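Next up is a structure, given as structure tokens.
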Amino acid sequence: MELLYILCIPLLAALGLLWPGRRISAQGITLISSLCVLILSIETALRTISAKEIIAVPGFISCDSFGALILLLVAVVGFAAAIFSWGYIDKIGETRKGIMVRPYYALFNLFMVSMLAVPLFSQVALVWIAVELTTLLSVFLVSFASTPEALEAAWKYVVLTCMGAAIALLGILMLYWGMSAVSQGPFTWEGLTMASSKMSPSILNTAFFFILIGFGAKVGLVPLHTWLPDAHSQAPSPICALLSGVETTVVLYAIMRLFPLFHGTSAANMGMWLVIFGLLSTGVAAFLLIQAKDYKRMFAFSTVEHMGIILVAVGIGSYGAHFGAMLQIVGHGLAKAICFFAAGITLLTTDNRDIGSIRGLIRTSPVCGFFLMVGALGIAGAPPFAVFLSELSIFKAGLASGQYLVTGLLAVFIVIAFVGVLFQVNHMVFGKPAPTLKTTIPGTCMAALVIVVLPVILLGVYIPGPVYDLLRLAAYSLGR
Amino acid sequence: MFDTTMITTSLVKLNALAGGLFLLTAFALVATRQVLACLRIYIGQSVLLAFSAVFLGALHGSVHLFLVAGITLAIKSILIPRLLRRTVGQDIYARREISQILNVPASLLIAVAIAFAAYAAATPLLAVSADPNESINLPIGMAGLFLGAYTICVRREAIPQLIGILAMENGAFFAGVSIAPGLPLIAELAAAFDVLIIALVMGLLTRKIQEAMGTTAVGEMTSLREE
Amino acid sequence: MIDRIVFNVIQVIVVMAFAPLVKGVLARLKENVQSKRGPSVFQPYRDIRKLFHKDEVVSMESSWIFRFTPYIVFVTPIFVALLIPVLTGYPLFFAFMGDMLGGGFILALGGFFATLAAIDTGNPYGPMGASRTRMVGFLAEPVFMIVFFTVSFVAGSTIPYIVQKYWVTPLANFFEPSHVLLMLSFLMLIIAETGRIPVDNPSGHFELAMIDESKGLEYSGRGAALMKWGGSMKFFILCCIFLNVLVAPWGLAQTLRLWDVLLSIPLILFKIFLFLLVLVVIESSLAKLRLFRITEFLGAAFATAVAAMITKLLMM
């Protein structure tokens, strides 16, 4: 039942905000709705640890532990983004014309609904629709600034992702075809897994490739990643955090759900393809990251890199690698939120997107400098952050399962990205200070930053019991 | 005179005719220069999709497919063009696209090669099925999908790219009508509304681009790039 | 056996006799559609007769090609008329002398000599038109090939009589997608090969814009008459191939009786008349394409033919 509430509350909030007239505090409504969603998601996650799966509408809406993990991530980052938006949007509304607050929050809530819907829908065709909606409802958020660059980014975003979604649609229809030939069960993830051993392998493989390429365009896998740096850098910063940290993860969840469909040798083959795609993404992103000139683009490339790492971890195939992938998902989502929030306040104080011209932030605006450094360390994978732990477990699992080449390449790419990110952020944070705007950073922004920093450090040091159980169950659901 | 085998074979042949003309419209989308002609070809393609659904529904005796055909006609042939006309200004439709990335005959040759690639990709999949309709709809739907993607890559104007995406969805549905006829109705309805929202969002975005930049030549917008 | 030879000869006489009539009817219909009166339908006969009475003027710079070409252009359609079904539905005496590909090559032979002759005289407009004709010709070749291959693939043979039996005789086959697409493609091909709008303006007088008309520019007297007559016979032949093999092979004589064969003459003329109506509608509603758009037009014809082939392969 709470699953339906999770979907309906932000939807009602959005509809209420779209209703013209009436002086309501848009920020307040959004905050309350995301807080309710957060509480309900925590409760759902705790219940899926004990019960196997929560079913709201059989065959359509249900949630198991893997879904609950993603749901929790979406809720947490959404809550933090709502808090951050409060101060941020007001601040940029003061300086720039054409910023409309209420439509922003209405779109924000609709976007949240679509992202929450993906782990909650179990009917695969509805998952596709939810994934499409995450794109469509965020297009106007990406183009929110209405500058020519933002519009160009929004157009590339919508065209490339809808193209990918259409390819994935054919893949899903083929899955239905394969399944309906062998079983009469409902077209849900479970139904697919149970029927997968009897399905014709050619249909299964082709459908998997179509879905991988199609949804891969949305996740940002190379070579279909060209929209990602543009869209994820032109959007307002809280939306960037949601897009980078959560939306790509949510679509990756949909791809990962296909992995248990393969058994035996075909699983090893599919694992190999996932590893190849993942390594390609990680490598290309690591090299592109080094020469990024805009710090938000740099963080966007880092998203592509992490998506590649998670895909490699899934492809390696052992339980340890899957656990590492789950922890990486959580760590990346939160750390990317820190990065983009920090980038947002940096943009507020310096009004400059260029890495080369920003120096000495630690002197001129210590808050910006500090959080930027924390974010960079967190996303690059330094201890004591969660990403370090997850990458270490992936390496261990890779070495344990004997895939030395893969682990070696992965390590090289991660080191390159590490050096790249820290080099750029170092340049911005230390050195002789350049003059900045003297704007005060809104208190809500700092509160949001603290909210996301704490779990990342916590998970890097000690994983609390329920969270560990959730991660473990999610890793098991990937089938190994 | 009207025995069932004759009706069956003629329905199969009519469905194949709809498929052949669908493939032709997919080629035509690559080759047309006028923006308004692209929209009209899309309407024709959606009507052919609806016809195919009707023929297959009559063949399998499923009311479900008739509903799908009705939804397709209503939304794709009527609502979406009207929506696109409303949200995007009238003058955009009077445009002709003078140049694409490749010239038209070369594009047509590549389109032919793509259609063959779709046929080659679909043939091993069809080895398991015995239904003659699937062997028509699946390759042609796949070819429609790939040709729509190719249209997006070579076009420079916004509306033809938009119609390319809608054509890709048409291709996927054309294949789906025969390989997944039993998909729950709610999924079909939601997918149809989803296409409507795609058209709405992209139409509004095109209008914003037109207002902000005075042109909808989105292929020329390359300011966001690493130097 | 004697019957078949006789019917073959009758077939050739029909082609020779009625080809100018078809051209005359087409010209008149075009004018009628534009609410004008138009020339008499027998005007081409009068033109040919007049030209036979006139003197020929031949340039001193030209070679034997110039003098021989009118005969070649006149004779090649006659050879093709021996091979295709015009009046009868069963193969005649010379029917196995060549198949559709052979017929296509023979027609191309005529075109080849016409092109050479246009270059032969040294008139600057001749080579211009000749090069354009060749461009249209070589772009149309792949379409011809694909159409013939697809059609032969179904019937298992390239002889037009055999093809026509398999292709259209069960009525349901008429609506096969490959059939419809091939009809469209071949229609575009006829428009290109015979130089009608939208590829070329047959009634234009502007030499800089001529494509197909330029081959007859330099001729006078008997040469001009033969070129005109040969051109209209080529049009008649292409119509016959289109109608009798691809579209509507009904109304052809099925028995060996002379009376049936004679009865099928008005039927074939009626079918051609219906086709002329379609052609007139197309010609009156489209504008002539710019020269380099003709490649797009023929590319579209090619894509249509390939689509036909793909759907045929899919339905196998």
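Note that the chains are named A, B and C in the order they appear, and that numbering of residues resets to 1 at the start of each chain.
Going forward, a contact is a pair of C-beta atoms (placed from the backbone, for glycine too) under 8 Å apart; a residue touches a chain by one contact, two chains touch by 3 or more.
Since the model is a prediction, treat every value here as computed from it, not as a measurement.
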item	value
Longest centre-to-centre distance from chain C, chain (CA-based)	A
Innermost chain, taking as reference the mean of every protein Cα atom displayed	B
Selected pair, greater C-beta contact count between A-B and B-C	A-B
Chain centre separation in whole Å, for chain C relative to chain A (CA means)	65
Approximate Å spacing (C-alpha centroids) for the pair chain B, chain C	36
Centre-of-Cα separation between chain B and chain A, whole angstrom	31
Residues of chain C touching chain B in the complex	172-173, 175-178, 180-181, 184, 295-296, 298-300, 302-304, 306-308, 310-311, 313-315
Chain C-facing residues of chain B, complex	9-10, 13-14, 16-21, 23-24, 27-28, 31, 104-105, 108-109, 111-112, 115-116, 119, 132, 135-136, 139-140, 143
Chain B residues touching chain A - in the complex, by the definition given at the top	121, 124-125, 127-129, 141-142, 145, 148-149, 152, 158, 161, 165, 168-169, 171-173, 175-176, 179-180, 182-184, 186-187, 190-191, 194, 197-198, 201-202, 204-205, 208-209, 212-213, 218, 221, 223-224, 226-227
Contacting residues of chain A [partner chain B, same complex]	60, 123, 125-126, 128-129, 132-133, 136, 139-140, 143, 146-149, 151-155, 158-159, 162-163, 166-167, 169-170, 173-174, 176-177, 180-181, 187, 200, 202-203, 206, 229-230, 234, 288, 291-293
